[in-house]
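Structures incoming, each one as structure tokens.
Next come two complexes built around chain A: one with chain B, the other with chain C.
Moving on, here comes the complex of A and B:
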């Protein structure tokens, strides 16, 4: 339990106010800040200056591994480890192995999307300072729009940052402890 | 004062009816969706749940007896080795397909109307796949040896035959179930967070809290989340098409007249979507009525669903006609015999039930009055459910009962145990569905909120703002 606040949280009334606040905070040079909304807001990534997600790369790699593993498994099991002739086909009849190869590629790719997304987001997570705000835990997943700036950010200054957020039309500004 | 609905109805650019009516805002959408899970259930819920549990008891009892006695208690005989168990399997897998179509394919096509029905439709998919997997599982006879289907080391040192379509099916259906579940769960996470924040009791706080995974609506998370969701939709789309294609290979790669045909994959996929949308319609008409969701699931949604039913029903009708044509055009006497026998032989009654339910009954959806009348929608959806069950019955049984050698022909009829398994599987499905409606958000709140005009950060701007996106 740290005594000093770890982040400052501002609540906004509309998606529009949050959007413009993010643009401004980004332009002021803040990096360690985040927006919170009950649903994804179109274009907010750019307003925050975020880089594209890395999830597609994880999916591509795992999907290819799954497909290659699937084809390899079938070739090895039916062609090498226990070769058997079925319906007068050669041992390495890869054509017949396409459906399962495809299915395993999809399975691994999907698992990559889900677990890759959770991993990049560092979820599941038991708690987070923002939940210490009453307003946040009532509205953030319902109808509230929030902006949080970490005190670790190089640009952070207790007075200046609060002023900035208030000036952007925040309904309220809170300093949250761990 | 003009209401919000009137403003949108008179939208000069896009004259379509808005997706959410009744002047709702973000909070009131949460209220509408969350309330049914927070108050005492309505009487109708108890009635449905009670009936579902009784049917489930029938399923458990009859399956127990099946394990004790073996598949001989069913009506299977020598030419007809695939009876109701396989019919039910294909029927339930097919129903699942509409859920994935709504959640994945309509998502890729940016069909925003899907947002209010996709959650329930995906839940329907998962429960239908569970029912589907149940049937081949019990049909193998010695259930305790089912692990032989998986590529696991075993006492015989043998591996499964990967050249068999039954093996493809094992992989396709189990992976389909897994991926559908992951897709559904990812969609649920933000809504579970909403439920977590609203939870009053300790146990609810704990459970919703655990399953919401600490979701805090962070935009850095939404960035990865939306990308993952899009990819899951992109992967599920070919997956769902492949699943019923592979189910059709179970039949089409056999030599039997009536099965051995190249039209099967697209024909099965169209039929699957057709039957699944009928089930979506059945469930949604009732849910909307009971839970008063008219403002979220509007006439526009029902019209779209019934148009899809009309299109896919007509495609299925085309496939029936084309099967007949090819059986004549192929010049194969076995093919010709099988199709004439289907329509005019001992199972003609089943064939004509199939044709009238699947091809004729949806034609009423050419008329807008039918597409907007809940009673007609419900009745037609039931007809289609029945018709699509009979389609699988016709394909499976009529092809088998009169095969190549007349001396081995026989007539197949089910026993009471076949009926118990089918009726019981509805118990399984509706038990899951009732529990889902009671404890989870049946409408994807976070997604529906994004189709409100004020969700757009440029809403109300002089330029660049757009109401419907």
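Moving on, here comes the complex of A and C:
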């Protein structure tokens, strides 16, 4: 465990309290914070001020690369590198290559979705400071609604941030170390 | 539910005026086409068939939409379901609209000529299916089945507006399965009868699905444009939200890709097997100026809308989605034109006044019938048990 706290964790009683807390924290200018809830809460991404995900771009680019690679590979192999005649078709029979092109596009696209999502979420990781909280470990997957603010955030100030969270109706505020 | 209190209904009078105006407009063009067709029947019947199949596809697509909402018990779509119900409820007019096709079987369908069939082994073998009495019987069966399903669903849904009886929803859900099976059978056979048999030597087992895929895609374009049009006139505001348009846009995109999948599957297998009696159909469409239409179809029905409709922002954009919907409606028409016209003009595209007149004629009657049907009921199924779910719908 490090010496300095890496994040401050606040527990809220209801989804509503968490939702409003997120709005306030967002409006106060915090960026490096996260909300933790046992189930999805409609509109929470807006309350947190999250930008649209970048995953679609990863999927698009990888999907197109996969499709281009699939078509290119077959054109090169059957047309250039080892020209072969299959069922009296020309060397460059793009029609025959469509299924593989499609499959590789989908494969790369979906791999981009999965690994892009994991990468952007910085997963997998073995542990996270929030798990050092007893309250978090017992309630986060059950009936607790949490908000964590990283101390790396430019707006973070030990006293002010704790006050802010307490003022928003947090049941308890903890400072967690690595 | 405060929104519903502000729910305005289009005035009966203005709808009547629209209906009458559109009907006069449509009939004028139909009469123009018929008067030109007296001296030149074949092009008239060919153009009429294209427009007929186009407007029929919109109606059948909407029938499928309504049935699928019931079989999936979906909540999001309730606010736009009534619009689809209006469109599907006009199916009885096709009993009249089909008359020119039945009168023109001799001009349209090669297999109706006894002397040709007598010298053609393949056509002789198909006589048990392709003969005029059975053809007429089947046409009657399709129209009766469609009318029965569409009108029953429309009637029951409107009945619920008054009684609010949840049992009606359960009943409509129960019947949606058998109805969908009947719809799938009839739309396939109708496509085979009225389009595939134009070239009676040729066959494709996927042809029914092909017609369905285009129709179902077009129905989302219809719903988008219909809802946008009503919102421009001040109805459905705050009821149909960008969330609903986003979903309609997603489905429009999805079924555009589905059409591509079906269209390519048909082409791919025929190309691969390379059997002359099958490839000849594509030969006709890949020679001369028809080749241009084939390429336009590949780009216009897939490549361009694929990238255009992909971003979330376009599907939520008030104008972007309209552009996409109009575009796909136009390409859907071109698709049907491409299926039907090369049979009559094997040497190249031949756009004539008949195409314009029959399209505007049937279009006028289509708009008139929808406006007429709209007079009688609320613009949203006001007592549907899933309405509040639909009003609060959000894309996650």
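One rule holds in what follows: the second predicted complex is superposed on the first by the 178 of 178 C-alpha atoms of A that agree within 3 Å, B and C clash if a C-alpha of one lies under 4 Å from a C-alpha of the other, contacts with A are read in each partner's own complex, and residues count from 1 in each chain.
Here is the rule we go by: a contact is a pair of C-beta atoms (placed from the backbone, for glycine too) under 8 Å apart; a residue touches a chain by one contact, two chains touch by 3 or more.
These numbers were taken from a predicted model, which means no experiment stands behind them.
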item	value
Which partner reaches more residues of chain A (counting touched residues only), chain B or chain C	B
Touched partner set for A:100, first chain B, second chain C, both or neither	first
First, second, both or neither for A:88, with chain B first and chain C second	second
Touching partner for A:6 - first (chain B), second (chain C), both, neither	neither
Chain B versus chain C as contact partner of A:39, first or second or both or neither	first
Touching partner for A:59 - first (chain B), second (chain C), both, neither	first
Overlapping contact positions on chain A, where the chain C interface meets the chain B interface	40, 42-43, 52, 56, 87, 96, 99
Chain A partner contacts - residues on chain B that touch it in the complex	25-27, 30, 151, 157-164, 167-168, 171-172, 175, 178-179, 182-183, 185-186, 190, 193-194, 196-198, 210, 213-228, 231-232, 235-236, 238-239, 242, 246, 249, 445-447, 449-450, 454-461, 469
Residues of chain A that touch chain C when the two form their complex	40, 42-43, 52, 56, 60, 87-88, 95-96, 98-99
Chain C residues within the chain A interface of the complex	264, 267-268, 271-272, 274, 310, 312, 394, 396
For the chain A and chain B complex, residues of the former touching the latter	14-16, 18-20, 22, 34-45, 47-48, 50, 52-56, 59, 63, 73-74, 77-78, 81-82, 84, 86-87, 89, 93, 96-97, 99-100, 102-104, 106-107, 109-111, 113-114, 116-118, 120-121, 123-128, 130-131, 137-138, 140-143, 146
